[in-house]
Amino acid sequence: MYAVEVRDHIMIAHSLPGEFFGPAQGLHGATFVVDVAFYREKLGPNDVVVDIGRAQDVLKAVLGAVNYRNLDELPQFKGKRTTTETLAHYVFDRMAEALRKSELGEESKGVSKIRVTLQESHVARAWYEGAVGA
Amino acid sequence: MYAVEVRDHIMIAHSLPGEFFGPAQGLHGATFVVDVAFYREKLGPNDVVVDIGRAQDVLKAVLGAVNYRNLDELPQFKGKRTTTETLAHYVFDRMAEALRKSELGEESKGVSKIRVTLQESHVARAWYEGAVGA
Amino acid sequence: MYAVEVRDHIMIAHSLPGEFFGPAQGLHGATFVVDVAFYREKLGPNDVVVDIGRAQDVLKAVLGAVNYRNLDELPQFKGKRTTTETLAHYVFDRMAEALRKSELGEESKGVSKIRVTLQESHVARAWYEGAVGA
Amino acid sequence: MYAVEVRDHIMIAHSLPGEFFGPAQGLHGATFVVDVAFYREKLGPNDVVVDIGRAQDVLKAVLGAVNYRNLDELPQFKGKRTTTETLAHYVFDRMAEALRKSELGEESKGVSKIRVTLQESHVARAWYEGAVGA
Amino acid sequence: MYAVEVRDHIMIAHSLPGEFFGPAQGLHGATFVVDVAFYREKLGPNDVVVDIGRAQDVLKAVLGAVNYRNLDELPQFKGKRTTTETLAHYVFDRMAEALRKSELGEESKGVSKIRVTLQESHVARAWYEGAVGA
Amino acid sequence: MYAVEVRDHIMIAHSLPGEFFGPAQGLHGATFVVDVAFYREKLGPNDVVVDIGRAQDVLKAVLGAVNYRNLDELPQFKGKRTTTETLAHYVFDRMAEALRKSELGEESKGVSKIRVTLQESHVARAWYEGAVGA
């Protein structure tokens, strides 16, 4: 199995409703350093997993929708908790959708799995990984 | 699959008996930067994998039993070699036990796998991962 | 010259008023990984720069006043821009004050300089350093 | 499952033929920080995954064949594109061969899988992982 | 003293003529992760050291002149050895020139010193720092 | 001012006598990741600060005297506390001595300052820096 992973980041505000979250119930924020890994069994005709430049561009576009924002005010998170875990899934869904729409180019057709990791500090991170259909 | 990973560290002395270990047969020591990853298929009611604060507290308690110690003198390692690999398994066992005893709280019930990584230097690390039963 | 540096972090929300700041004018947030370095010419009686445990405790207390908060609502930042640079100076002032009040203990009397570094992402950081009086 | 991972690096020149590669078609270069992870279900008689010293020596020997070279001129890459992905596979093949030839010693007999990661910058990396036969 | 530091990278080929350089005499290459730090005594009207976005843009433009290139063929390095040290000075000169030409904007007028660090691997780096005139 | 910095590491046992040190009074240990930076105003005839290969060899030799050892039993530390600070000074003294004895080669004659950093964990480090005479 091959994989390629690219990195970018976002700086967002949010709050996490529910007694469970203690001080994180209040409005605070985070830098999430975001790594997206693309997996495939065999390489494509150009001997790569994905076009790394396009992968970085698509990731930047996906993150651009939430970067420098207060997530509490964004419609896509209405009624949802923006935990690191659910944000990892959110980025996963957007990247998988971009793959299905061929936004990463022909080269990316064989990608079978994506993993999205959000590092929230030097001591904590979360990720979501799953298959991506044709 | 979701995962959350938290980090802490220990500073210990030990020796590794057996000609195989060369200079590490003598008493020496290590800082182990310890990462514990918790995996689960679906998030719990609070949209997290585990209560990250409790995970950090439990990890600190587990590591507290060996931190600042000479492992050669601890009863739990009597007759055992404290290689990085066996220490990773030791921390895994303690964390899995804490999960079974619900020390990480109700939120952690769906955790199905744990991975424990010990980084011993900027050029070497070891890990152990395995399923955790209900 | 000797130095000792310890690390902790905060997760905050804030906005940066002024056209100059572009998208950062809106409410967003950051994880700041905070390093505080203490400098002195000669070591004290215990052969250390500072009591590293107390340094970590004092840093945690200083950061506790802003951690998990929206800085726009805190009285100490009223009428001020909480850029990474000014936050580095804010932490510096609190740490220098703690030193003057002997909160780091007798051992820290010879400290002559402090540097506070705030890493806001994997590609950007800021710091402030200055002398600390007796 | 246990694993041990060791790190080394190479500094090479190469070009990537094909319009797909844009500016990377020209002769340029890279530092690849190389991590090799060895996996096995149960530890051997010395309670380790592999003899870490021998693993580092074998990795250094494998990398020595390409370190400080222009890959475009090396016979083993004739007619091949030396993308990060194919280089990860190349190092994997050499490490797997060394395992089969017992160059890592008796201790390494139970290794069932290898993963080779090449980090090409602070924002991009690739890896190849696969089973290694007896 | 305040400072702000931003990061980018280049991937280049080059050779280092002279017996002194051993295997590095041949054509090889490197990824240089480049950090540029800007220092100033007092902050400007916007409470920052420099406009961090413009600093990143100027750095990318400076690095763009050498990124993905074989330095042996570039006119600006004709008759010069492109050691990590001289490349750090090269980037310093270009950044200092950009500052003098106000390419980083009015906000950057108080910058008194620049440091340019090139990390060539996980175990080696070099830097050059110097004053920048008005 | 130019600088070049190289990295290696040691894994040692030791104890820190004195009530001040709390749990670190007992025998424990540490991995110290050691960075040595060499500073000079102007480059030598080969356009480098030092011969980086020789610098790494000399550092490895210096560290070899303490690596995999219990520092409490070494004659050079008899009656001394091996705090991270004093160990940084110890490595500094050995590196400065090697420079004076020309063990780093003719190329290193212009080095005017050395800084030795010991990272003891992901959250703490210490360093010592000083001038080195001709």
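A, B, C, D, E and F label the chains in the order they appear, each numbered from 1.
The definition used in the following text is that a contact is a pair of C-beta atoms (placed from the backbone, for glycine too) under 8 Å apart; a residue touches a chain by one contact, two chains touch by 3 or more.
From a predicted model like this one, the values you see are computed outputs, not experimental measurements.
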More C-beta pairs touching across which pair, B-D or B-F?
B-F
Sharing over half of the contact pairs with A-D by residue number is what counts; pick that pair out of D-E, E-F or B-F.
E-F
Which chain maximises the distance between its CA centroid and that of subunit A?
F
Roughly how far is subunit B from subunit C, centre to centre by C-alpha average, rounded to an integer in Å?
31
Which whole number of Å gives the spacing of the CA centres of subunit C and subunit F?
28
Numbers and ranges of subunit E residues touching at least 2 other chains:
7, 122-123
Hey, which residues of subunit F end up touching subunit E in the complex?
1-8, 43, 46-49, 51-53, 56, 107
Please give the residue numbers of subunit B that touch subunit F in the complex, ascending.
7, 9, 11-14, 23-24, 26-33, 67-70, 120-123
Looking at the complex, which residues from subunit F come into contact with subunit C?
18, 20-22, 80-81, 83-86, 88-89, 122-130
